[in-house]
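There are two complexes below, and they share chain A, which is joined by chain B in the first and by chain C in the second.
Entry: the complex of A and B
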């Protein structure tokens, strides 16, 4: 805690603002408009917002990680560029969500008396999260005709409770494993070479997991279900140091087979993943258009504003990388992947220096969530894995996703500020 | 869309600028990480030894009596070469035990060894905290735990 000059952060923050300004200038020239006032306003607002966050961090959390905010700034700038390019009418709304997200970041970093305070009320968070999901099942709406009722409406703004569940789950598992991890890895049950964990201690974990899983499958939000399960495995491994991952992957395969036999839409996703070409005009239209966009972009890309991204359905949410791939090329998509790698690296670095076991698991879990989410959707876009509709963190258009991702960054910054030996501000 | 030549040049320059901004940013991150790693390595060299294991019975190993083994935050003990501390005693398993520093406390954990890890003569199950002066036994080797002196 405390004050500190954060010159590294300040110097790195020049890049996201510069990127946004250059990209908006390109779009204005290509469109033949001369600096639309709304564009100028967004660039100025974005710069002011980053500067405000920087001043806030310098005043209150001087020791916090200095690379995190610039990395997030780069991703958010790319997101604003994409939404301005693809759905300019949605750009002000996206900007509003980013402002709200920054407020949530400051709120998270400021309001928490101590990071361990989150652990103390873990059952409260878990119950609240599950209530929200239940509420979605009853009152859920589907504002953009995606076929699933995953949103709660409130005064024209829509919120997706499964997004906030990500933070709730990570907090719950981290605090539970921090307290019981030693007991779980104690392993008194042994059959030959097989070590069985003490079941009474694992039961609440499994129950929590099964409950959220059931809710998600019921709501057909398979991307989120996959993400939750993988984050759960990552945390179990980080918390106990025992290779439960192998067993967990067997469960994952069994779960996938069950989902495949039970749900038509899972079969469809698998079919168009393995061979999209026969259905290129129907079910696999989105995937094929996405792949075509990547191919058209080549290595250097067609240049901002010169692509035909409008032909990819849901291009501003699930397929935003396809648009970037076409207009910025391989060179641009590689930079995006590198930015997510850098984000994960910072999160795991924070975890390694965390002041307590809970804080360590929390940071590792948040890093795993952001990274796995990026991998799941990027892999889907590139047809490496079946496509599941989740957002690309900070880049996709989508309010609740942006808001929750900012909260996660707020938590990471807070953990890093509490590290005993944080040498982050020694440049 | 009719673009004039100067606009085309401008767009080309802006395209190069976008790529440059992305990669110069990533390059600065790499340099920052490099600096941090160097700083960390320096700090580690200066840090005092936080804990040691002193050999009080060398069993059939090549360790010498009274030898002090400095502990790392994660120290693996066992017969195979991958371990931080290699104990070449026939009664020591290849991955025998692990000593870890967690929340400012030292713990010893049995890694599923055949003959077990003993703390003060009693076999531990899973993980056990270590106190100053505790006697660890792995195979025929006995070690005394000595934490950092203030």
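Entry: the complex of A and C
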């Protein structure tokens, strides 16, 4: 906490701003336009925003991690480049969400008196989150005709409550496990010779998890359901050390089979995942076009603005990496993967130096959420798993996702700033 | 607890590693296969924006050109009858002909020099392909198309010494300018207008094949052009009667006259005797009864015969700028004495393409050296300078030059005095051979003519096939004469 020069951060921030400026210049050359004023505005705004965040962090959280902001800056810059390339009319909107996201980051870091204060009100957060999901079920709208009503509208701006649920769930699990984790791991329930988890202690956890899963499956948000479940397993393992992970994976498989038999759309997703080629012009059009876009990129890519990623449906949200893969090549996509890996490792580094068990589990949970979310959507893009409609953190077009991801980074910065061993200015 | 946090971190890192490998798989390993699939819209998209190079005849006449119609580029073909050679580049139906074979050059993706390759790589939207110049002479091509008319058939004319293809006609043809509108109709047409009959049409050669049999016999020294033989009866080979009907006015002929008057018994006997290493005993022919061939083992003759057919390129595709059919000759193991006898005069289990026969004809005045044909002589970068000039690849010696000059005399004799008389051009030495190829019991025979003028290395060779038209002398020889005469007039 407190002031401190953050020179590492400042020097690293040159890269995202430079990347954005060069990429926007390239797009203007390719399109034959001479510096669209809105493009210039976005670059200047982006630079100013990062500088402001840097100044704020130097003034208030001098000891906070210095690599997080530059990594996030790179991803956000790539997201702006992608949206400007694919849906230029949406670029100012994306920029607006980034501004709101930065404000939320500052807000998160400022408002909290102490990080452990979050743990104290865990049932409040959980209830609010569940209420939001319930509200979506009743009042939900579908502003961009995606086929699912996952949004709540407030005067022209739409928000996806399942996004904020990510933070709520991680906070709830982290605080509960920090308090009861030891009990859970040391007080197994024995019935005869069978050792079972201590059900009374696990009950609130399971209830919270089951409720949100039910809501998500009800809303057909399978990607978010999978993400929650994996994060839940990761935190349960980290918090208790009990091999419930094995049991959890069996549940995952059973759940997948149940979902497959119950829902037509799950069967369709599985079918086009296993063999997309017979339906390449129909149901599997998106995945086949996505893979073809990756293939078209090769190692070096076609160059920014020279690809044909427009052929991939929903390319700026679900398949944004396919567009980057075509135009920036394998070099570009591996760089993006490296950025996510770096972001996640930073989060776990913060977790390992955290001031309390709660803070550690919180940071680890946030890191796991960001990492797993990227893996789930990229795995879907690359036909490793069936495709689910979740966003690529910071990169996909989508307001609520950006906003919540910035809040998560705000929490990570805050945890790192409270770290006893953060050692001042060192990154 | 920190160990377990590290464990979770490692596990997720492993997930990223798998993602990285999947990226490598789709962007490198599987990329080529994926891009070839019809589901890849890039091929069509790029073609729409590329200004393809022009296709020009040897004198610069435009055969295919591109022009902008708004955003997209439209391809025009000013001389539609040449569709089989020039081909088409349709976004809906793909590419064919030279448009397909020289696609990388016409698209400019395979630059003609490093400078244009680099320019195309760096500025793909401004891509301009290279032009290609053909060996075709549009003036001669027009004559060939006119001569064929609306009958099914093909004409190939090429330079004897260099292998440059001067005209290549195949009828019926189609108009590549209206391909998209008429595709269904053309594809269903029973006359098969998409088949390039000059290259892919496989026909029974009939008597034009006697050039090869005669070439083999002269080359092996078992026949001499001036040897006289009596022919008054038929030949019977293992019960199969070969009728002596082609020269009722002559009973005693030299080998050269047997060729010129297309004597089937003589050529059946020549084929059967190829492997015996001795002069053919024709003198057993005698009136009035038929000569019965005394059965002998013909394995060696079949081998000789097939060896020469192979040297003349029968039964294998001609290496060419466009795909060509192989033709067919029955294999040595299955060829009986009857089979050999009938194949030797051009019937039997035997099929050739018009291009193959044009090359056989060209071999004769060219001193026994068969040229390798080609259609594209140079490519020119977008800025107009010639970047790649091709000359004919070296051909190969098929028969001795002495054999070739004997054969040349025999083909000239055919034009001067016998069946190929309609091919005469006043003041110019012409060599030729007609054929009337039987196609089953009831069908009207195919009319064939192969020949050349003038009868030396500087000449032009031609092959004409007219499907189900009748006698070669009556229909194909006059057609060949018109093409050869036009070629002479044009200075070839």
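Convention: the second predicted complex is superposed on the first by the 416 of 427 C-alpha atoms of A that agree within 3 Å, B and C clash if a C-alpha of one lies under 4 Å from a C-alpha of the other, contacts with A are read in each partner's own complex, and residues count from 1 in each chain.
Definition applied: contacts are C-beta pairs under 8 Å (C-beta built on N, C-alpha and C of every residue); 3 or more make two chains touch, one makes a residue touch a chain.
What you are looking at is a predicted structure, and each value in this text was computed from that prediction instead of being measured.
Peer 1: With both complexes overlaid on chain A, does A:160 touch chain B (first), chain C (second), both or neither?
Peer 2: Neither partner.
Peer 1: Thinking of the overlay built on chain A, is A:26 touched by chain B (first), by chain C (second), by both, or by neither?
Peer 2: First partner only.
Peer 1: After the superposition on A, what does A:416 contact: first (chain B), second (chain C), both or neither?
Peer 2: neither
Peer 1: A:18 in the overlay: touching chain B, chain C, both, or neither? Say first, second, both or neither.
Peer 2: After superposition on chain A, A:18 lies in contact with chain B alone.
Peer 1: Look at A:345 in the shared chain and tell me whether it touches chain B only, chain C only, both, or neither; answer first, second, both or neither.
Peer 2: both
Peer 1: Is A:357 touching the first partner chain B, the second partner chain C, both, or neither of them?
Peer 2: Touch partners of A:357: chain B and chain C.
Peer 1: Can you list the residues of chain A that meet both chain B and chain C?
Peer 2: On chain A, the overlap between the chain B and chain C contacts is residues 30, 303, 345, 357.
Peer 1: Contact residues on chain B for chain A in the complex?
Peer 2: Against chain A, the touching part of chain B is residues 1, 3, 7, 10-11, 14-15, 17-19, 21-26, 28-29, 32-33, 35-36, 39-40, 43, 102-103, 109, 112, 125-127.
Peer 1: How about chain A: which of its residues touch chain B in the complex?
Peer 2: Interface residues on the chain A side: 8, 11-12, 15-16, 18-19, 22-23, 25-26, 29-32, 66-67, 70-71, 74, 182, 185-188, 195, 301, 303-304, 328, 331-332, 335, 338-339, 342, 345, 349, 356-357, 421, 423-424, 426-427.
Peer 1: Using the touch definition up top, name the residues of chain C that touch chain A in the complex.
Peer 2: 1-2, 4-9, 11-13, 15-16, 18-20, 22-28, 30-32, 34-35, 37, 39-42, 45, 124-125
Peer 1: In their complex, what parts of chain A are in touch with chain C?
Peer 2: By the definition above, chain A touches chain C via 30, 181, 234, 237-239, 241, 280-281, 288-289, 291-292, 294-299, 302-303, 306, 308, 311, 325, 329-330, 333-334, 337, 340-341, 344-345, 348, 351-352, 357, 360, 364, 367-368, 371-372, 374-375, 378-379, 382-384.
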